[in-house]
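In what comes next, subunit A is part of two complexes: it sits with subunit B in the first one and with subunit C in the second one.
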Partner chain A sequence: MSTVLALAGEVTTGEAATFYILAPIALIGAIGMVWARNAVHSALFLVLTMLSLGVFYILQAGPFIGMVQIIVYTGAIMMLFLFVLMLIGRDASDSLIETLRGQRTVALLLGIGFAGLLCTGLGRAVGSMTSVGLDEANAAGNTQGIARDLFTKYVFAFEVTSALLITAAVGAMLLAHVEKVKAEKVTQLEMMRARFAPGNYPAPKPGPGVFAATNSVAAPGLLPDRTVAGRSLSALVPTRELTEAEAAPKGTEK
Partner chain B sequence: MNLAESPKLEDFGHDVWWIILIKVVGIFAFLVVMTLFTIWYERKVVGRMQHRPGPNRVGPIGLLQSLADGLKLAFKEDIMPKLADKAVFFIAPVISTVCAFTAFSIMPLGGMVSIFGERTPLQLTDLPVAVLLVLACGGLGIYGIVLGGWASGSTYPLLGGLRSAAQMISYEVAMGLSIVAVFMTAGSMSTSEIVAAQANGSQQEIFGSTVTLPGWYFLMLLPSFLIYFISAVGETNRAPFDLPEAESELVGGFHTEYSSLKFALFFLAEYINMVTVSALCTTLFLGGWRAPAPITTWWAGANEGWWPLLWFTVKVLILLFVFVWLRGTLPRLRYDQFMRFGWKVLVPINLVWILLVAGVRVAANADNTVRYAIYGGFAVLLVGIIMFWPAKKQVEPASIAPEKLPEGSFPIPPMDLVVPPSPRTKRIEHAAAAPSATPEQGE
Partner chain C sequence: MDPSYYIVLSAALFTIGAVGVLIRRNAIVVFMCIELMLNAANLALITFSRMNGSLDGQIMAFFVMVVAAAEVVIGLAIIMSIFRTRRSASVDDANLLKY
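This part shows the complex of A and B:
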């Protein structure tokens, strides 16, 4: 498949069709990401754009980089984004109040201006360029070509980048890590001893309504001598003793 | 083995459109039938393990049970929770299912076959990076679960979705690393070429003597195989790693609020994912569609034509049996145990193993000085691991003997209580001592 697509300078029908289907989708994703009010919807639109970009890489004879784009960016990094957004809560939407008056209009104008400058600049620079060397780079296979470059010519840059990333990860872990004082940690043995220590009753608390005439949550548990078991009283539910008439048998029993 | 029958990467991408259509429909049908069959198979096997017959009412030996269940599910009422994010709630199961089906497109089901006179590989397509496509589809498929959990607008599904996100990120690392050793040995990431590389055992020179290594990678790369399978169980959310849908903690997990067809799609995706990881395991480690050794020695045509489809399916079913076996045997792990296992056991072992495989491969092609340096390095590493292996901590024997408790504690019985012999035991011993007396008493 890649050998067919790798022919430099030629655009096959399949490639063109895929491009014209996916390019608008990628654009919709990008615009939707900015416009969506809900943070999770925004992230999903970004996923759409990244997925389309991954397919574009594959189309342009870079299957490895395309797959890595999908696995790493779409699969792992955006998933982490979603993870954080979901932890923040589902109602974390943008507020509609403008704190700086007129900043939205100015931002829109500046954005359009920047996009225009970028597009014309890039268009002039690469518009009439003929690409060379793709076939030679992919001669032994795309993955093998990338591997050779990465581990021979650019091995130092590659290692430095990985060291940087690991430092960042370790730093983040260090900042988020909470050191536990050994003395404060309660072991299971200590918990077990505390359970039988003076002042603690190891058995479960009596449920509400134990030995009572009703099993309502509101009725306190009664001890065998018909006094109220204090431990069965809930702090949240107000207790309600039944009257004699309520507690009397309803006549449904045999 | 007939190597002419195994397709090369150049054989792909030249199919006529109707051949592609047939293959796509074929794979769809294969997966749906496998799903229906696997549900029945799982229920039957688990039933046997628990000494009960399992489904046996609908169809012969209950074979149509899952079809009946599926039809019932489709006609149930579709409930949309009031707090749900409507669009995402709808899309989530679709994402899961689409990704599950897509991943199967690169599975080599057989060698070259003839479909209505056209010679074509029994595989929809192949890429130079085909195995990565399965990983990518797995990664995207989890979006369905995570979004389904989030969009339901309720607590348990959200917790299930969060767990699933963390689980998938952790276990995909282990899974990706376990495949690296296969890539290095096969020299390719294309599934058809990995199957071709396992056709014959390679000749390897180890310490001066030439040894024929076993062709299938599950023997030669045993640690990779085991780690792949363990992380595959984690990736597919199957017991004992089914934390996103742990019913004792999270009701149904991410699919608590789902009903009708949307729930059926999640169900379908889960079973297809199981089939896919089993198929990938077959492809990477169990020789793919090739027949096992004893068959090929007395039947040369075992790897020709449509027969490979049979071997492939049998291997996948054996792996699916292991999935069911695990579910029937092991209790669910706690979440922190599960994470610790992934990051502190699977990933480090994998990294060391990749280093070993790479070292052996370099040593095989290097001159003697480099070779001895590499083997010496391994020896030093081994000695270092043995020397610095953390000693087991001396644990104080857990005891709450009454004499150790302070005055006024809740009374507990002494810990050295001896259970008195049961009076019935005495009677049996007595009867055993005088065997002749017993039968006459019965009459």
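This part shows the complex of A and C:
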């Protein structure tokens, strides 16, 4: 890790090469996330961007935060996203219809304008800045340095964070909880009364016409007067009427 | 190359995330765009930390990650409960407060 930490001040050739390889990958991931129609593809593109950012953090003398990025962000948060995507249906993709006309064009124009403003402001602020580097701050090790600041200077913020996490956990439980209403439970007596109530046919439904002329469950059962018994048809199986050719003897009978 | 190149990349990622929030209709993808914006801000914080020679930026990025984790848990739970009642994750369908 000492070789990584030594890079802190000015940019070395190796760091520049890594940046020029990974920065386009991060951008491709970001654009792909917005572009992809399928939400699962979006999530995977975002994972790509986050992994590249994790490498950037490690490059910039922050091995601890880089590892946290890869483990917590890419490993936990994005997998939570994928989990919810699978729960609510993978095919919940976007419709291509714009609800507001010209919204996409306006959004793109706003984005370009925003990027322009951001770049001018940052260019003025950062352009003349010299990089100090984290060599001195990381002298006792990056993780140790972060721990020292976190438990002295930022200890109050750190404690408040625990309250935030507890609130989030309780809130998620509350939001995801579905209350079961006791009155909805049907007793056996009520089920029996409903079965023999007027208008309900208490006997089991007739089976399909399997083996009468065909062995398909789609064939309707016939009543003695050769009319179709409507209750023998399943709502899930499409009705099938046999053609003359299908009903004709196959020549396999004895 | 200068460390400020990282800032340019961070600005580009933030812009892409903001445009994504405006364009996409699927609530989960909108949420992922917000995550991208948080990540872009983190990259800027870590670059500033390196430029100024102080670990404060890295600690701020760490806090951003903690808050983002809490936010994701709550946000996904809200999306789940909306999906349970409306059978849809599109932000256009959740418009009852409009009328």
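Following the convention adopted for this analysis, the second predicted complex is superposed on the first by the 166 of 254 C-alpha atoms of A that agree within 3 Å, B and C clash if a C-alpha of one lies under 4 Å from a C-alpha of the other, contacts with A are read in each partner's own complex, and residues count from 1 in each chain.
We adopt the following convention: contacts are C-beta pairs under 8 Å (C-beta built on N, C-alpha and C of every residue); 3 or more make two chains touch, one makes a residue touch a chain.
Remember, predicted model here, so these are calculated numbers, not experimental data.
When the shared chain is aligned, subunit C comes close enough to touch A:Tyr154, but subunit B does not.
Touch criterion not met for A:Ile28: it reaches neither subunit B nor subunit C. In the superposition on chain A, contact of A:Leu189 is made with subunit B only, not with subunit C. By the touch criterion defined above, A:Leu233 lies against neither subunit B nor subunit C after alignment on the C-alpha atoms of chain A. In the superposed pair of complexes, A:Pro198 makes contact with subunit B only, with no contact to subunit C.
By the touch criterion stated above, A:Leu80 is placed in contact with subunit B and with subunit C alike. In the superposition on chain A, A:Phe19 contacts subunit C only, with no contact to subunit B. Put simply, more of the residues of subunit A are touched by C, taking subunit B and subunit C as the two choices. Applying the stated contact rule after C-alpha superposition, one finds that A:Ala218 touches neither subunit B nor subunit C.
Using the contact criterion defined above for the overlaid structures, shared-chain residue A:Thr143 touches subunit B, although it does not reach subunit C.
Comparing the two interfaces of subunit A, the one with subunit B and the one with subunit C have residues 64, 68, 76, 80, 87, 142 in common.
Within the complex, the subunit B residues that touch subunit A are 10, 12-13, 85, 87-88, 125-129, 132-133, 135-136, 138-140, 142-143, 146-147, 150, 153, 158, 161-162, 165-166, 168-169, 172, 176, 189, 396, 398, 400, 404-410, 412.
Contacts from subunit A toward subunit B in the complex involve residues 1-4, 38, 40-41, 44, 47, 51, 54, 63-64, 67-68, 70-71, 74-76, 79-80, 82-83, 86-87, 90, 141-143, 188-189, 192-193, 195-202.
On the side of subunit A, the complex with subunit C involves touching residues 8, 11, 15-16, 19-20, 23, 26-27, 30-31, 33-34, 39, 42-43, 46, 49-50, 53, 56-57, 60-62, 64-65, 68-69, 72-73, 76-77, 80-81, 84-85, 87-89, 92-95, 99, 103-104, 107-108, 110-111, 114-115, 118-119, 122, 126-127, 129-138, 142, 145-146, 149-150, 154, 157, 161, 164-165, 167-169, 171-172, 175-176, 178.
Those residues of subunit C lying in contact with subunit A across their complex are 1-9, 11-20, 22-26, 28-29, 31-33, 35-36, 39, 42-43, 46-47, 49-56, 58-59, 61-63, 65-74, 76-81, 83-84, 88-90, 92.
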